[in-house]
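Here it is: the structure, laid out below.
By letter and in written order, the chains are A, B, C and D; residue numbering begins at 1 in each of them.
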Amino acid sequence: MRIAISTGGGDAPGLNAVIRAVVLSAYHRGWKSYGIQRGYEGLLSFNGVVPLGPAEVRGITHLGGTILGTTNRGNPFRYISRDDQGEAIERDRSDDLVAAFQASGFDALVSIGGDGSLQISHDLWRKGLPVVCVPKTIDNDVSSTQRTFGFDTAVSTATEAIDKLHSTAESHDRVIVVELMGRYAGWIALYSGLSGSADVILLPEIPFDIEKVCGKIRSREEAGRHFSIVVAAEGARPKDGAIELLERRGVGTVDRLGGIASKVARAIEVHTGKETRTLVLGHLQRGGSPTTYDRLLALRFGAAAVRAIAEGAFGTMVGLNGQDITRIPLENVVGRAKFVPLDCDTIRTARDLGICLGD
Amino acid sequence: MRIAISTGGGDAPGLNAVIRAVVLSAYHRGWKSYGIQRGYEGLLSFNGVVPLGPAEVRGITHLGGTILGTTNRGNPFRYISRDDQGEAIERDRSDDLVAAFQASGFDALVSIGGDGSLQISHDLWRKGLPVVCVPKTIDNDVSSTQRTFGFDTAVSTATEAIDKLHSTAESHDRVIVVELMGRYAGWIALYSGLSGSADVILLPEIPFDIEKVCGKIRSREEAGRHFSIVVAAEGARPKDGAIELLERRGVGTVDRLGGIASKVARAIEVHTGKETRTLVLGHLQRGGSPTTYDRLLALRFGAAAVRAIAEGAFGTMVGLNGQDITRIPLENVVGRAKFVPLDCDTIRTARDLGICLGD
Amino acid sequence: MRIAISTGGGDAPGLNAVIRAVVLSAYHRGWKSYGIQRGYEGLLSFNGVVPLGPAEVRGITHLGGTILGTTNRGNPFRYISRDDQGEAIERDRSDDLVAAFQASGFDALVSIGGDGSLQISHDLWRKGLPVVCVPKTIDNDVSSTQRTFGFDTAVSTATEAIDKLHSTAESHDRVIVVELMGRYAGWIALYSGLSGSADVILLPEIPFDIEKVCGKIRSREEAGRHFSIVVAAEGARPKDGAIELLERRGVGTVDRLGGIASKVARAIEVHTGKETRTLVLGHLQRGGSPTTYDRLLALRFGAAAVRAIAEGAFGTMVGLNGQDITRIPLENVVGRAKFVPLDCDTIRTARDLGICLGD
Amino acid sequence: MRIAISTGGGDAPGLNAVIRAVVLSAYHRGWKSYGIQRGYEGLLSFNGVVPLGPAEVRGITHLGGTILGTTNRGNPFRYISRDDQGEAIERDRSDDLVAAFQASGFDALVSIGGDGSLQISHDLWRKGLPVVCVPKTIDNDVSSTQRTFGFDTAVSTATEAIDKLHSTAESHDRVIVVELMGRYAGWIALYSGLSGSADVILLPEIPFDIEKVCGKIRSREEAGRHFSIVVAAEGARPKDGAIELLERRGVGTVDRLGGIASKVARAIEVHTGKETRTLVLGHLQRGGSPTTYDRLLALRFGAAAVRAIAEGAFGTMVGLNGQDITRIPLENVVGRAKFVPLDCDTIRTARDLGICLGD
């Protein structure tokens, strides 16, 4: 058996652990593994394929990034190339890709990726490519798996940042608004906000009322707590009209300030008179050595993907369900996202602790 | 409502997070919380009770240890005191304890503890004490909950230690045997052995064959890998007769060498001729700041305990089940332990990666 | 003897270690210590003085922030108060402060602070206040001491951030510009840029040529390294005319983009066509648990301050000189800053390693 | 120019940073670098030489261990080989080594190592080998340099361990004795004991009186502090007769208990009746990612070594002196060790803080 491994989308701590687990699991079955560099591009050009054995995956479990270098961000169904005049041309090269895959003598593809990659994998599977997917997103918003690797590391990085801001906020009597990843789902903001003892947590799932946020800050002020930490997912949004209302009341430029952190910070300054600062954690959440939780999950996903191949369970994604690794048909995964349920235990815990969720 | 909080048994990262969540959850319901210092002793003597409000639990989520100081290791059913001659006398003071609890005007007890504490709590509950338990053991071997807080931190500490030993083992051409906690269950050894890329993992659940262990080291040697990392839970045991056999073959003193790491190391030296070192990680696994995973789990447990009290669900333990926090009757918890299932996915992953489990 | 302790200016990891060392050193000499809360304000109002003994400074060496709460940012020589109409009035209350100090029965003041605090301490000393100063700035730019506590921690935090960005920059083929603290001196940028393997480091001490920066990025591109990390101190500045030149060439808005990172990033995008991102590390550099280097330096400074008091060496600042702690008269310290010498060994190392310094 | 790089002795965090700095500094001068694998053995056999360029040293600054694999522990002046019967034969192969060096076309050797390596380098230099040394020992006991790389990392690891033990010691009412590296010099014990708030620190430089140690523990007990942390360098020794005295008083087996931690712990239990535990940190102090302090020092040492070569300053060792890197003739370095001066500021700080040094 010859297995190809590709990674797609953004960086996520644990990628190397998945690759190592796939390679070692395959090796101990007597199979061979190959890494596809530069994503599908490397396969289409036939010059981005590298053999991977135990020596190549030695000592990489704890390393961030990916030994395959740049991850795949192309789409074979909408392949972009340049014509003689340098104009971009979009073509469907999915048939070429399937052909290249077969010509390379591969028996299976382990595709590690998020939303976009899962969709592509699903479409390639329908064209006959024997694929098994491993979900990858630090945002934890892929459906059909309770966790994705990289998420625990991102939460740890964000929590550590919030921890550090506490002493500064306190010794300077300030409000600090931290913007975390999460365009559609607020998992990182919720988990790290709770772990980091934030006073306010704003999620895409719960449109916020800026009055509620400022009320929380004021009530802390009255209790002698002259600082506050507000955590906002990048996708957090005010309730209908709230920002416009602010503008009429003089916050004016709030909508042109860039990210949600700047807007919320400006609104807090105007409403409460408190000096307010922002921190946009950005790419820091993607990098670094994976936590042990993520290492283990990534290793389990990688080994499970090879087991799925051994049992011919193509067209599936491996996922975590309680203590078990399950296989989910790709058609049940694609096009869905996993949002924070408004009635989940973690949300309830946040409310019980008196954290303001903006509603 | 007046809630008493007690902690029993060894230290575990996350204890303060549980206490904070209980206190804040109670506070926001308008209840009062009290910490019992020195365990039941503090209650029996009426001088170990301290009021706990938001100010007392500020900024403690990430701190190791417990703000209540020494944890409880006494047992009111077998209370030890000294007579005039200084002789130890054992009495059943459980009735005194229930009386002291009522005299103090408490409406509920949140008892945070492991095996021993759960048993005591169960017996006190049968005597009428309104108790809700929060499971606490870094070993993760309490039944009816998939995880206990402190475990993820212990695994992280152990994994970090294994990481550090790799470069030393490699640059010195050595075998290093690391002894980790786990007298009856090998959770810490299995999880950190996998995350830390150990070559051999020995668990109480799988009696090991020293020949298999040495065979793994030899095969690595032949493949040009002149070092190996062996992780052993303190409760790991050789198959029947194995140690005795070693003794007859000249390892002699192997049984008087102290912990399992020393024995295994000595046996490896004799059998393979490789220089072998040991590290007993010991108490390091108990200490330190909790990981974000443990902080969050501890906060959720604490908030859930207060919710259980609010709903009158006494005589129960809160536990993690998938994504949910459930309540389990104490009679279903006590006297049981949660071992690593031999067919679980994590064991399978270890085997798939070629890790020797000694069998 | 009664010693007062005040902290001024921004947060710095190690503040608590200084306080602990002062309190314990004083205690073992039989002296008493008092913390001044809210800086000089607390002293002037007579209600911000708290006694500090061994119990109050227990277990704080490794904690960020300060147990004295908000640090002092007022200036008794330019004391701001409000009149009946709420208008701000500035007065010189330095005589009141000296009187309050004497009325409180204090024999000495340990003032922990940076530039501003040192100036105030110097002026109070000339008015007769018996003061010993401990230098505090994470920027490491106080003169007469080779290091200030908090700097090593800030460098570590910044280096860790740069480490994390590497894998993301690489897997996304991007340039990332990181803005670090250092308005006048580039110590943090230089040390963390080197430790974190940055490709370009821009310091206030070396005006940069954007062409040189882009040249470095292009030469890496040609060598197959499709990403680069640029570290810029917030006070880094282009050579005369450079930004204006850029504007004429179409970068246009570069001057309205906020911090130096945004400007440099925009210029790089325009000149090289590479996708470029920024990260402003901001307050993250101030917070967190001090490194062991900073803990030790802070403890030594604190103990040395008490020794200086014992020997009547008032009007001095303690400082690190090689392995020794020395005392420097305040008049030799104030009004000077410590810049990165252009011919120092660390700059030379950066050049030797091929790092672009923009010149 | 062709430069050879060899590493000798134990592992030390920062080794890779030195190698990277040497390789990059050489590269930017147009020189070539080669790594000697398996120390002098690799050179003598002509099959352990690998070319090192920018690609080989990419991304290794923060990695523990060494990319050259096993470090050198042989001695060409006392080369051990096996005869036909397998008997060990010792020969002087230093002339062979010099010949091999010249035959390989090398112009200079950068030798990274501690005591033993420095002596060998000195002797080879006297035989005409153009060598520049970089001091390497986590113990910090090489003379003529104020710091060696790896030391700050070892201190950090040890301090973190002491931090973790605090909460466990406190919550269990125990004494914990931690044994740290330092056979002849107590730098690690002193620095980490101070940073980690140990109650007792025992160094090779200060023979201890067990009565003083126990007195400290008792006085803490009386002050309501029912736990203590004792830090002992492995080379710590009791004052003349002290252990024998203990034996007559019933501690009996104290001398057969292995390391100094066990002996001290047993003596404490006998004398104070306190439950006492030990932790031998061992190899954990050698491993791990270097701190930023060590990364920077290692990079500076590596770059300085190449500068020394460029200026023909052979037969020297680079060292840190205040802020500067200096060159010291090897004859001034070998055969000397750097002990903790009994009157240094750090010792004084420990005494000022009330830490018991056993005297």
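Criterion: a residue touches a chain if its C-beta (ideal position, glycine included) is under 8 Å from a C-beta of that chain, and two chains touch if they have at least 3 such contacts.
All of these numbers come straight from a predicted model, not from anything done at the bench.
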Can you tell me the least number of steps between chain B and chain D, where a step is a move to a chain it touches?
1
Farthest from chain A in C-alpha centre terms, which chain would that be?
D
Round to the nearest whole Å and give the separation of the Cα centres of chain A and chain D.
42
Where the CA atoms of chain A average out and where those of chain C average out, how many Å apart are those spots?
34
Taking each chain's mean CA coordinate, chain A and chain B are separated, in whole Å, by 31
Multi-partner residues of chain D (at least 2 other chains):
163, 166
Looking at which chains touch which, would you call it a line, ring, star, complete or other?
ring
Contacting chain pairs, sorted by label, are A-B, A-C, B-D, C-D
In the complex of these two chains, what residues of chain D are touching chain B?
10-11, 63-66, 69-71, 157, 160-161, 163-173, 176, 226, 277, 279-280, 282-284, 286-288
Listed in rising order, the residues of chain D that touch chain C in the complex are 20-21, 24-25, 27-28, 59, 61-62, 146, 152, 155-156, 159, 163, 166, 191-192, 194-197, 291-293, 295-296, 299-300, 303-304, 306-307, 321-325, 344-346, 348-349, 352-354
